[in-house]
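Here's the structure we're looking at; comments come further down.
A, B, C, D, E, F, G, H, I and J label the chains in the order they appear, each numbered from 1.
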Amino acid sequence: MKREDVTEMIIAAKRKKKVTWANCAEVIGHSKEWSTAALLGQMVLNETQAKAIGEYLSLPAEAVELLQEIPYKGSLPTAVPTDPLVYRFYELINVYGTTLKALIGEEFGDGIMSAIDFSMDIMRQPDPKGDRVNIVMSGKFLPFKTY
Amino acid sequence: MKREDVTEMIIAAKRKKKVTWANCAEVIGHSKEWSTAALLGQMVLNETQAKAIGEYLSLPAEAVELLQEIPYKGSLPTAVPTDPLVYRFYELINVYGTTLKALIGEEFGDGIMSAIDFSMDIMRQPDPKGDRVNIVMSGKFLPFKTY
Amino acid sequence: MKREDVTEMIIAAKRKKKVTWANCAEVIGHSKEWSTAALLGQMVLNETQAKAIGEYLSLPAEAVELLQEIPYKGSLPTAVPTDPLVYRFYELINVYGTTLKALIGEEFGDGIMSAIDFSMDIMRQPDPKGDRVNIVMSGKFLPFKTY
Amino acid sequence: MKREDVTEMIIAAKRKKKVTWANCAEVIGHSKEWSTAALLGQMVLNETQAKAIGEYLSLPAEAVELLQEIPYKGSLPTAVPTDPLVYRFYELINVYGTTLKALIGEEFGDGIMSAIDFSMDIMRQPDPKGDRVNIVMSGKFLPFKTY
Amino acid sequence: MKREDVTEMIIAAKRKKKVTWANCAEVIGHSKEWSTAALLGQMVLNETQAKAIGEYLSLPAEAVELLQEIPYKGSLPTAVPTDPLVYRFYELINVYGTTLKALIGEEFGDGIMSAIDFSMDIMRQPDPKGDRVNIVMSGKFLPFKTY
Amino acid sequence: MKREDVTEMIIAAKRKKKVTWANCAEVIGHSKEWSTAALLGQMVLNETQAKAIGEYLSLPAEAVELLQEIPYKGSLPTAVPTDPLVYRFYELINVYGTTLKALIGEEFGDGIMSAIDFSMDIMRQPDPKGDRVNIVMSGKFLPFKTY
Amino acid sequence: MKREDVTEMIIAAKRKKKVTWANCAEVIGHSKEWSTAALLGQMVLNETQAKAIGEYLSLPAEAVELLQEIPYKGSLPTAVPTDPLVYRFYELINVYGTTLKALIGEEFGDGIMSAIDFSMDIMRQPDPKGDRVNIVMSGKFLPFKTY
Amino acid sequence: MKREDVTEMIIAAKRKKKVTWANCAEVIGHSKEWSTAALLGQMVLNETQAKAIGEYLSLPAEAVELLQEIPYKGSLPTAVPTDPLVYRFYELINVYGTTLKALIGEEFGDGIMSAIDFSMDIMRQPDPKGDRVNIVMSGKFLPFKTY
Amino acid sequence: MKREDVTEMIIAAKRKKKVTWANCAEVIGHSKEWSTAALLGQMVLNETQAKAIGEYLSLPAEAVELLQEIPYKGSLPTAVPTDPLVYRFYELINVYGTTLKALIGEEFGDGIMSAIDFSMDIMRQPDPKGDRVNIVMSGKFLPFKTY
Amino acid sequence: MKREDVTEMIIAAKRKKKVTWANCAEVIGHSKEWSTAALLGQMVLNETQAKAIGEYLSLPAEAVELLQEIPYKGSLPTAVPTDPLVYRFYELINVYGTTLKALIGEEFGDGIMSAIDFSMDIMRQPDPKGDRVNIVMSGKFLPFKTY
């Protein structure tokens, strides 16, 4: 059994049980963003979390073990994503890449926004002209160390 | 003269005049995010904006004309960005790609977050453990049309 | 079971039953273009549509469930398509890419033709010198938002 | 002087003269789609057309000669286009590639829609919910020859 | 069952029956070039042809059905072929690409040699210094349509 | 001066002098196919040939020297050609690659058609349904040596 | 059964029987270089050779048949090899590519070293500072044909 | 001035002076293989060697300095070489890659043939059936260190 | 059974037995770095080592045999790694590549740090501001041989 | 003037002045590793440092300004480096990638070694069997944040 097999099992079990990712996140006890990423093979669950979701989704014992192992991350099949929803984020990097670099540099100096000490919140923002997807990304600024 | 030449001119003029992107944005009259993207060759300025920034940065007339033309967008030299700051955003798509798909789908149904009817706000969030980069992205949800 | 398995099942069932994509589209109740794309794993069916086509093609219950889930889109095995029919469309983008950009820009300003609020109609146009394929694409113009 | 230099000259001359692609097409005497593609280095002008546009845009004699030479076609800098407007067309091929194959095959049999005996018409379709870009593509169906 | 499975079946059946591609072509009733391409998954057989070869090679009924469906074409596993025999043809395009463009252009004007209204004949040409492979390709010239 | 510069010079001189590739080939004294390839930077001219064409096209002495040096071959800017005329040949390899392998193997055994001991003839074949491009390729069969 | 399956069978049988590639080459009756390449799916065995090695390694009859078929060549999983031993040869081409071109050209004129009429000998050269791998490659020089 | 400029100067000077790479190697005092690689930007010359060749080819002082700097190695413009002579070596790695791995492993154990403690000799081997290119490569075997 | 299957078996057995890579390394009798690389399919074990780990992890006999065979090295699924931990090392090469070249060259002259006569030590360095990963790499300097 | 131009100027000035990277580092007042990376366009100098090195290497004022701007990082021309010295580091990631992942994960849990809060020390380690390059990398461990 490999981690991808566990991901498939989770998706099938969720379909069968007719629950949402938000439901699963409550079982895990963390945000829907982090929990979904974990279930889709990008984060590690601790024993309590893995057992809780294992019971909730009736996963086999080996799958529960695998959820506690550090996965080789990367959720997409191609370097440039083909799916329109995912591609739009790639496009934003293409269009705004130098802008992100310029403005974060202007505000903070040379460094990066951490993708590790990071959190994300995906929300619906009601709007009469059509509801909007609002995404708040928060990452610690890490300055390049001088030595 | 090509648009890339104008971008280089702007960067050189900004260096010489010792102003910030935020200063330039004020001259243009829009957010620092949109204005910087425009100055870096990704958005179109209208005549008033182009003339204002042209005067502010002492750009030649042809450059001011070019700022009013629709550019061929894409600001990065490689499909997978090499710069660490920009790469972190690419990495987020890789790690969270299927999560974004799952959660936006769960909340909104099949569709995308628009990268066109879109705005972004980059802010410093003070934090005793180290200040954070906060980025708020807001894009209109566009459902796939059924026909 | 994965969505690709459902696509294979549908193709096999359609072969066995000796029906056309147009027949399937009637069962689904939408255009042949949208319905075929849905059956080939690119669009989501609602419950009524999924059950109707499931019955028509004798698909198993899990396949009917899967047809109601949002698929990871992208129907082609390579970034540059090898099939001559599909390649011709890629070639048109290569040859006419800057022309599309120039003329849509001239008419509408900076923005895009939506590929989401989009419809397509593929028709035979009789012609004494050889019938023609006529394709009408209609996408909402979306101007880049200024902010 | 190379064809790309002529394309740049044309764009600069058009900017200076403040004319549209549609104006240029009238000078050439063909549709705006074909004429723009020709001016952007993808089609060949005959002597009359080249001289007319050369005079209209004040191009040097060598440029007028070059407009009558067959260009090496392909207008985009990368295999997967980065510009959002152009990318949407690439995305449509990705999403609808197998659908185009299935439906043209169902209607015509094995063959292709010609990208050579081809014409295209780009139009604005007024719509109270937002105007639409309508594109009509017409290509002769060419069946694979059996021998 | 997929078309690739049928191709494998055909190769195995041909090996077992110890027949040649030329033998198969006679059964199909067309040239060895077209018939082999069809059997290797690149062309469509009609019902008579499919049944004849199905009987000759003892293929199962579903395979005979599949031979009558339009395949997604492209017979090679990589964009640049690794096999020396196939690579030599790729090399010829690399070395003679601009020459083909120049000479066909000089003789016919702007257009292409059709790869659809196309036939090919592969022959042995006896030669005292070593026999030669002679390949005659014949494709209809298609001029770019002006519109 | 580099070989690419010489190629550009030749193309410009040919344009100015209003001669054809066939004219140039006569000056060189070889087929139009080989001669054009040589002038486009893919073959080596001997001193007599280089001087003859140098005089005919009024090339500078250094260019005449360079025409006698062995060039680094490869005439196309991308691995998969974007130009429609050249792409059709790439497509033929994709569609017929395994067929070429099968039929040359059946006739000759394991080996290749030489792309070095090779000649090519490009001809117009008049046809009431539209003239055809006929290409005869002839390459020595080279069997894999056993040792 | 496919040729790759036969290669796997051979490797497993060789492991089980605890024999060397040199042993297998003796059974085949050719050099260890050619014979190993053949067993690894890159060359064709004749009937006698295939039967001999089939008996020696207890291969099934179908595998013995497959060893007599011309394989689609290419033994590596990526265009740039990841294995350090194989990569060193790729590196040599990168570093010495233009040198090989210059010196073979200087000695022989324009042409290639055949990779078909080719033999290779891999030997240990004892050396007090550490034994060396000596590889002798011998390929017929093939001059580009003038025509 | 960059190292590539020096390489171009050397090639031009060699052409003008009508000398061979072998002549240059004598001036440098090393083998023609190593010396040519050095002159083509892949190896470092010491001061004596650089001055000697600088005088011989009348190179400017800065070029002589640059010849003594360690170059960023890699002499080819693409990962898969397009030039037929160079490609044949790439093809040999593709065809014989797993064979080289198997036989060097069988003789020496796990390790590599060094491409650094390496020498190469390119020779003409007269042969009545056509002269052959003989290449002797000699590299120290380096076993993977266990620790 | 292939080497990748053995790697999977080892990971599953380690999970089941709840042991660490450090535990496995003790069984093998070498450093945790080398031993883990060997168990993950990148190094060769000798018979004693293979039998010891085979017994410890209850591997089947064929797996123990395979651990003694030289593997085709390369542990990553893509040329640019997607996993954040692994990518950081790739990023370091991108950012510091020319620096490594400059400083090793300045200290040692033209050559490389061997990746074969190489050892690595990964350690935790306690630090009040957050513990650090310390990696010591040691590779023999190998000067380019002059010949 | 662009940052790459400054890098070229620095390399030329260093050559002319005959100083080492270590000398330049002393002028800057930091380690040779960080200072060289900064001079090669990968790190930012503060005003004092930039002026000091500007004076030391006689750089023009604009170059001194540019050294204080945040560069777009990435020092290598290709995704897989061709230079043997740099490639060895890429190879180490390929061979040891999963090992680094396994051992850092075992010691620290899920997270990364920072490439930003990072330092590196390159040293010569004398060794009777041949001196060694020792590289000590030290990066803060950053655990994936749970949220």
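Here is the rule we use: a residue touches a chain if its C-beta (ideal position, glycine included) is under 8 Å from a C-beta of that chain, and two chains touch if they have at least 3 such contacts.
Since this is a predicted model, take the numbers as computed values, not measurements.
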item: Chain-contact steps, minimal, separating chain F from chain D; value: 1
item: Partner chains shared by chain C and chain E (touch criterion as defined above); value: D, F
item: Cα superposition of chain B on its sequence copy chain D - rotation in ° rounded to nearest 5; value: 70
item: Rounded Å distance, chain A centre to chain H centre (Cα mean); value: 49
item: Geometric centre distance via CA averages, chain J-chain A, whole Å; value: 31
item: Contacts with 2+ other chains: residues of chain E; value: 33, 72-74, 76, 79-80, 82-84, 86, 91, 94-95, 98, 101, 105, 111-112, 114-116, 118, 142
item: Chain-chain contacts as defined at top; value: A-B, A-C, A-D, A-I, A-J, B-C, B-D, B-I, B-J, C-D, C-E, C-F, D-E, D-F, E-F, E-G, E-H, F-G, F-H, G-H, G-I, G-J, H-I, H-J, I-J
item: Partner chain H, residues of chain G touching it in the complex; value: 20-22, 32-33, 36-37, 40, 42, 73-76, 79-81, 83-86, 88-108, 111-115, 118, 120, 122, 124-125, 127, 129-142
item: In the complex, chain C residues that touch chain E; value: 8, 12, 15, 77-78, 80, 82-84, 86
item: Complex contacts: residues of chain A adjacent to chain D; value: 80, 82, 84, 87, 91, 94-95
item: Contacting residues of chain C [partner chain A, same complex]; value: 1-2, 62, 65-66, 69, 72-74, 76, 79, 115-116
item: Chain I partner contacts - residues on chain H that touch it in the complex; value: 30-31, 33-34, 43-44, 70, 72, 98, 101, 105, 109-112, 114, 116-119, 142-147
